[in-house]
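Input: structures, listed below.
Across the two complexes that follow, chain A remains constant while its partner is chain B and subsequently chain C.
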Partner chain A sequence: MIKDQRRKERIDRGIKVRSDGIYAMMSWRELTYLVIPRLVLIIGMLILPLVLPGMYWQRVITITCIYALLAISFDFLAHFVGLVCLGGAFFVGTGGYLTAILNTSLGLPPLLTIPLATLLGASLCTLLLLPCLPLRGVFFAIVSLMYPLFAMRVIEALDILGGTDGIIGIDSFANRWVEQYMVIGITLLFLFGVRRLVNMDIGLVFRGVKDNDQAIRASGMNITIFKAIAVFIAAAMGCMSGACLVHIYMWSGISQFALDFSILPIAATVIGGGGTLVGPLIGCLILVPISELLRDFGTLRIVFYSLILVGFIVFRSEGVMVYGQRKYHQFERWTRI
Partner chain B sequence: MLEATGLMVFYENMLALNNIDIRCEANQIVGVFGANSAGKSTLMYTLSGIMHDIQKKEQMAGGERITVMGRIDYKGQNISSLKPSQRAKRGIILCPERRRIFKESSVLENLRIGGYLASPAQAKKTLQYVFEIFPALEKIKKRMGGFLSGGEQQMLAIGRALMAQPKILLLDEPLLGLSPLMQATLIKATREIRDEMNIAIIVTEQYARPVFPIVDYGFILENGAAVMEGIREELMNNPDVRSAYFGVEET
Partner chain C sequence: MSKAPILQVQSITKAFGGIMALNNVSFDVFEGEILGIIGPNGSGKTTIVNCITGFIKKTSGHVLFRGKDISKKPAHKIADMGITRTFQIMRPYYSLPAYKNLVIPLFSPRARRTGGWRGGGRLGDRNTVGIDILEEIGFERDSYVPYKAAATLPTGYLKRLELARCLALKPDVIIGDEIFSGLSMSEIASMVPLIERLQMDGITIIMIEHRLRELFRVANRVMVLNFGEKLMEGRPAEVMADKRVKEAYFGSQEVEEVMTHA
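And then the complex of A and B:
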């Protein structure tokens, strides 16, 4: 009865198997196979500003990269450390306000304010999130969601840091090319940096914390320290995106604590494929331009936007990147059983 | 009563079940024995239909592709494409490996959830019956599931499965990590359940010795294939089976 049944099987491509180890270095074909996808991404990102028509779309690409940084930080925290952090906006806002203060009060140039705000902001965020680190899952998500709302209301109510008007008169980048290539460079740097990080020893511990934190504790490691390190890295990425954003807009206000900065990166991660780190960047490259295109529809764009998201989650929850990786590394064929 | 023919399950390209034919007659206890990775749990998931759910979940998450082939007949009807809930309605109830009881519900609530499919009168009757065969459960019926000991949890899991009014009960490793005394209690209870509720039971286990006395018919799985089958006496006298699954070294 089962004689004529067939089954579709997935097989790793020969070249994938050959290029798995160090021997990939011995042949150009295998090297190309490994390098091409990365090269396409890097070169693609670098020439994007050159080929896009007009300043408007160039600005869209800059904003895309800023969201991508946030999305990578979300993906890192959620899929490699197990902390679902909805506080992306908190990182952006902290980085943004710190940059604004450093720039307007101390008169530091953007080249100094961005790294300073990144480090200071990340330390501040880690310190503030420290009490919540023992929390897990949905509890951490809820608490981290409260932080940006909290910060926004504090600034509004106490009328500090410029109140609802925000801080104005911040230096912009030297010109738009510096602005774009700086943001793109930072994004690529962090993308490959985090990819490297999660494959190092500390990355193993991070994944261990996600899978079974009790076992990590039983191995004699303090999980709160590791969670704090992870939050510091993620917060640094968020603060850096906030710092860039402030210099681009030449303005820092409470809208930097807006929910958009928390939600859109998550959507991008879902579409791009969680746990791949490149996926969130691809997701942002899809989502941010779409949301710009849909601007013509006014408030109706939220509807389209939500429909796209729901469609992706229901029908392709694996994400673009996971799908793409599979197609690149494996082929399918029918076999007779 | 339940008959599976040519069951094949692939996890991606790995063959987990290889062309297995298994059947269980009414009012019979069938034992399925095999080492780890022999495919016992896969077989149970496939029979109860949970495999369809796992398959779908993996597909959505872009994980492994699971292929299920073969045919499962239950009371003369082909049920291979039915969902687990539909199978449960027809009386195929799985008592899963590692118990999977509801940790934050009390013992009584756990049993009540199990009785969702039954009519109130039936549920009441079965509840009494469960407390009758597992008197230990009645004493702790207010306690949270998560605070029970391993043996109590297993009793609860079997009790919960019984509440769903099974016609055929699939017990997946009911003796996992239990003391010999508790194992004996559960085995005795299993036989009583079969005798009094007149149901068929398929039980899987790695170590055959404690289960063997109550088994009518046995299958031996090895690496996903059914290498041997037979009535209890046949298997019992086979030297290979004795050494592999009873720990008896023939000299």
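And then the complex of A and C:
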């Protein structure tokens, strides 16, 4: 066929069609087709701590998961609710400081501080973001970016919560296995939980808020309430990652409000493929180790994330997972136009 | 048709900057009737829908629903009270299949209270209730159409989907903004019995239309807007015979036709 008379046609593989819905129960082949990708991901994540050499790389895995939680939360808000939230660092910092207070002042163990900080932090973040929820698109993005910067300056200026020194003397996890498997478990739980959520009825409403909020209002639903619920869920993930981070480093400080926590998850989402929820995790698995290798460059690493982001956007890349899912589910062939 | 007005629109005025989109418009809508609103392009028809349903703020004036002032209520509260609307510019949830489009309104507080369409699904599965509503509104249940992504549906089905979204709330009032426009004669012919059935179910219907001939067949009363002002209101025959209406529509081929053939 001549080059400009053809176009690429994408067709779902037979097995993809056969394994949609309950028909997947028909045979082992269809079941395997569905289960394999999930299994690879879960088992892969679970054996990572066992195969990685040395403490250093095992720590990198924990940090990767913490960023992955943030990235999934960003992807959820951006692609399923239509809120581009650049305030990931605000969630981390809030969850982190709350954990620090709960642990040092009240003496609660990590098993209690993490869930408590998650719930309290998510409520606090949702309350504080409530006035901005009617804002749309880029306005919400800009305002949400201000929150962590604001919190950082307030702590610095008023010298509260330990000021620039932060809060020290926080309990660590019992041992590094608890630490790693706890964080990996939480990440997988939230990943599959959020995937389930967006396909539930309330998830469809979230997507409706993104696609057509006028129709949601015309259906007698308050958009702000649904946005608030979504922000609560996303903030809970962010606060939980902050809570884990504080127990890992046994320290909580203003660097938890740093731009890294807002920007790296976005870069990871773009690389991994937005709207897939797994993509952000894959993106973190690629980005965080590279970022750790570049640790010597300090804050200059933001430049590196930005370059990757710009590259992906300029070349209109669809992201690793979107590409992967397409290849897995569909085949392509050239057809004459 | 009972006598009590279900909706009372009292001297609504709406100015967009310098443009008077609506100037002191008042009318009543009676329970169970079909009221047609017609007028040339830009005469303020969509604006009046937006004012009644709370999608834009009125400059002045009041709207009463069953005697209660709803002028200050936000759009979602008004919809929750049972006043639903369709949009002239249809924007379904394109990526979702048609029946999943209805899961969203069925999730609303009103749909939970009223238990879905015809008592269907207070506790039932929203997907099934959604398909039931689509069948009511003319989607063939056993065909693939209800399961197709909304983006691939032709205009006729999208208009029905807009109506179905209203029906999911078990509304008292439906305000349809140009449901007929963009449809072929035969599509309209199949929609008319549907509208009449909704009326028999006790739903009050306000229809904004450009397709006068078809509207005059179903409407009990018609109100005419021109340059944001109420020109007249009356029974279809009276409106057709009125000279001012002819002037307002002067040059419009269809009106000439309707007027002469009536």
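Structure notes:
Throughout what follows, the second predicted complex is superposed on the first by the 307 of 337 C-alpha atoms of A that agree within 3 Å, B and C clash if a C-alpha of one lies under 4 Å from a C-alpha of the other, contacts with A are read in each partner's own complex, and residues count from 1 in each chain.
Methods note: a contact is a pair of C-beta atoms (placed from the backbone, for glycine too) under 8 Å apart; a residue touches a chain by one contact, two chains touch by 3 or more.
Small disclaimer: the values here were computed from a predicted structure and weren't measured.
Residue contacts after overlaying the shared chain place A:326 against chain B, while chain C stays out of touching range.
By the touch criterion stated above, A:168 is placed in contact with neither chain B nor chain C. Once the two complexes are overlaid on the shared chain, A:217 sits against chain C while remaining clear of chain B. Touch criterion not met for A:300: it reaches neither chain B nor chain C. When the shared chain is aligned, no partner comes close enough to touch A:31: not chain B, not chain C. Once the two complexes are laid over each other on the shared chain, residue contacts for A:317 go to chain B alone; chain C is not touched. In the superposition on chain A, A:130 makes contact with neither chain B nor chain C. Note for the complex: chain A touches chain B at residues 1-2, 5, 7-11, 273, 317-319, 322-323, 326, 337. Interface residues of chain B facing chain A in the complex, by the touch rule stated above, are 5-6, 8, 10, 12-13, 19, 60-63, 65, 67, 69-71.
On the side of chain C, the complex with chain A involves touching residues 53, 55, 74-77, 79-80, 84-85, 87, 91-96, 100, 103-111, 126, 165, 168-169. Taken in their complex, chain A has these residues touching chain C: 201-202, 204-205, 207-208, 211-212, 214-223.
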